[in-house]
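Going in written order, the chains are labelled A, B, C, D, E and F, and every chain counts its residues from 1.
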Amino acid sequence: MANRVQEFNAFRSRMNDRILGADNRAIKRFFGVDTLTYERGVLDPKTKEMLGLVASMVLRCDDCISYHIQQCKEEGVTDAEMFDIFSVALVVGGSIVIPHLRRGVAFLDELNDQTAKQ
Amino acid sequence: MANRVQEFNAFRSRMNDRILGADNRAIKRFFGVDTLTYERGVLDPKTKEMLGLVASMVLRCDDCISYHIQQCKEEGVTDAEMFDIFSVALVVGGSIVIPHLRRGVAFLDELNDQTAKQ
Amino acid sequence: MANRVQEFNAFRSRMNDRILGADNRAIKRFFGVDTLTYERGVLDPKTKEMLGLVASMVLRCDDCISYHIQQCKEEGVTDAEMFDIFSVALVVGGSIVIPHLRRGVAFLDELNDQTAKQ
Amino acid sequence: MANRVQEFNAFRSRMNDRILGADNRAIKRFFGVDTLTYERGVLDPKTKEMLGLVASMVLRCDDCISYHIQQCKEEGVTDAEMFDIFSVALVVGGSIVIPHLRRGVAFLDELNDQTAKQ
Amino acid sequence: MANRVQEFNAFRSRMNDRILGADNRAIKRFFGVDTLTYERGVLDPKTKEMLGLVASMVLRCDDCISYHIQQCKEEGVTDAEMFDIFSVALVVGGSIVIPHLRRGVAFLDELNDQTAKQ
Amino acid sequence: MANRVQEFNAFRSRMNDRILGADNRAIKRFFGVDTLTYERGVLDPKTKEMLGLVASMVLRCDDCISYHIQQCKEEGVTDAEMFDIFSVALVVGGSIVIPHLRRGVAFLDELNDQTAKQ
């Protein structure tokens, strides 16, 4: 299971290349806007990643949750802050969010284990 | 595949402990309300579990479906009643529910197999 | 506001006639299945309407909620039972359900007012 | 009610100007990609608008449905073709789509009335 | 239209009283958890309200959006920050969010007009 | 991974038999309507399958996406047309669709590999 983080990132990266290589103009530009959205604007990247995480949780997308948990960690979001984000997602989105919360926390724990080993 | 039921319950139980151990007040209280909701009120637990199952199906959450199928069986919901619940979920939620129905029925069959072997 | 119930039912009935009159075979048969689903099966119509109500609430469809509240009342669901159904919808679907709960309860109150006046 | 089409388009146009005037770079670029998506690609605009309509229906967004019904009519989609699109949306998305179908058909009828009067 | 803000708050407040008065234990406790969630935790109330706003937008609930826009303003979120939140919601949730964005911005403009007049 | 296509179809077919064998009248008739919907109507099957694909993508159901990609290929939809469908799904449904797009394209590539080997 220690490889779940690497596997996730490898598949993500490989398929993004495949998709962008198909050279569909609207898709390529959408990916561009997606990247731009999380860059520093009036809000800093840390806040934007926290927004991306809570949005992914209420929409219940495991891969998006994993991705934004990684990004949040890189922006310095602490585990305690992460659980405050989770609490908003849970109350807004309801108990239907719980299975995604379980998998998200499992992913966070793997990330933390890998950092501890480095 | 016979272990899918046990694996599901073990992961569920382990991650619930991990999440509650993080000691986030809102999350802990949400879990408390979640438990309270399915206790006998004006409606009995059997009816409430059937409501939880149909809600999980139209929201298309496999883990929630598995969980409520287990609870429904414990409350004495028969397989034929279960399929009546499935029919409401299917018609309200549309063909997009079908893949979740397939996995839900596969889970129900595993549960029944294990009961038969005991 | 006392006419909201009548207006809702009149629009619903008029548009159903218009849609079925368009004579699209798949649409007509879908409407047939929809009606069949709430007829007595292994589960009685009262239970099925309660299932339809909770499904409509977590999917957050005001018209569907109004419709199933009417049907539930006709099947003898009491107000206290109705609130137990609402509680399951709220906990499964989260705070995002609350605005629909407010409008649903307002609709239920209008229905009760009209019955009291008869 | 004859003004619902005009009111919808006036509000849509006024608020789009307001939003783009706020000069948020990601939002402006998103609106650009949105426009580009329905331009002729490998698929023609008529097919793309039909895709936009069915997507709007299963996601149950009344304004998006109204907008794409207008666009479909401009691209020459007939009423009978429109009902075939509606049937796919209904079966994929379930009975929860019906209230949106009713309002969509009412909007289509208003559009047709206005065209007949011109 | 200047009264839309007051009307929204009056209906919200009146129906909350009605719902809590029904004395359903799970519903009352859910409302309690909902309030608790936005209180200062590890994250401050401003950040939590921003999280609540983006979650409401991607789940496309107009009333929830109006409510959190009000709360964000009270916590000092500027209009420019608000549009950064909108951009994340738009890119995560897609063009289906646009009609809700239009109504949200219209609500924000009314709020600003009323503040300017005071 | 070369077996993912076969495994998917085998599970789908086996569970459909199991579900229809349960002899629930509403479920059986729903499956009948589902089949009817994609048959030639005013629109041809190719267009209907494209509609089914985009609807499945914005509702984010991996199995439905896989199924409709297969059907689209059988109806002669080219890869370039497929990416135009993907672009509409992406823009309407937002970045939350991307993980499903990745898995859909991976499935399409496997289908193409198997065809090439025959």
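We adopt the following convention: a residue touches a chain if its C-beta (ideal position, glycine included) is under 8 Å from a C-beta of that chain, and two chains touch if they have at least 3 such contacts.
All of these numbers come straight from a predicted model, not from anything done at the bench.
A.B. asks: Among the other chains, which touch chain C and chain D together?
C.D. replies: Per touch definition, common to chain C and chain D: A, B, E, F.
A.B. asks: According to the touch definition, list the chains common to the neighbour sets of chain C and chain F.
C.D. replies: Expected: A, B, D, E.
A.B. asks: Could you label the chain D-chain F interface same or different, taking same to mean over half of its residue numbers are used by both chains?
C.D. replies: same
A.B. asks: Going by the average position of its CA atoms, which chain sits the greatest distance from chain F?
C.D. replies: Centroid comparison gives E as the farthest chain from chain F.
A.B. asks: Roughly how big is the turn, in degrees to the nearest 5, that lines up chain A with chain F by CA atoms?
C.D. replies: About 120 degrees of rotation relates the two copies.
A.B. asks: Among the chains, which is located farthest from chain C on the basis of C-alpha centroids?
C.D. replies: A
A.B. asks: Go ahead and note the Å separation of the Cα centroids belonging to chain A and chain D.
C.D. replies: 31
A.B. asks: Just give me the whole-number Å value for how far the CA centre of chain E lies from that of chain F.
C.D. replies: That pair's centroid distance is 37 Å.
A.B. asks: Go ahead and note the Å separation of the Cα centroids belonging to chain B and chain C.
C.D. replies: So the centre of chain B lies 24 Å away from the centre of chain C.
A.B. asks: Which residues does chain A have that touch at least 2 chains other than itself?
C.D. replies: Residues 24, 26, 30, 33-34, 37, 41, 55-56, 58-59, 64, 80, 83-84, 87, 90-93, 95-96.
A.B. asks: Are the chains arranged, by touching, as a line, ring, star, complete graph, or other?
C.D. replies: Topology of the interface graph: complete, with all chain pairs in contact.
A.B. asks: Mind pulling up the chain F residues that touch chain A in the complex?
C.D. replies: So the residues of chain F in touch with chain A come to 60, 79-80, 83-84, 86-87, 90-91, 95-96, 98-99, 101-103, 105-106, 109.
A.B. asks: Tell me, which parts of chain E touch chain F in their complex?
C.D. replies: Contacts found on chain E: 58, 90-97.
A.B. asks: Quick check: in the complex, which residue numbers of chain B touch chain E?
C.D. replies: Its residues touching chain E are 24-26, 29-30, 32-33, 36-37, 41.
A.B. asks: Which of the residues in chain C end up touching chain D in this complex?
C.D. replies: 11-12, 15-16, 18-19, 22, 24, 26-27, 30, 34, 55-56, 59, 61-64
A.B. asks: Where on chain F is chain D touching in the complex?
C.D. replies: 33-34, 37-38, 41-43, 47-48, 50-52, 54-59, 64, 78, 80-81, 83-85, 87-89, 91-93
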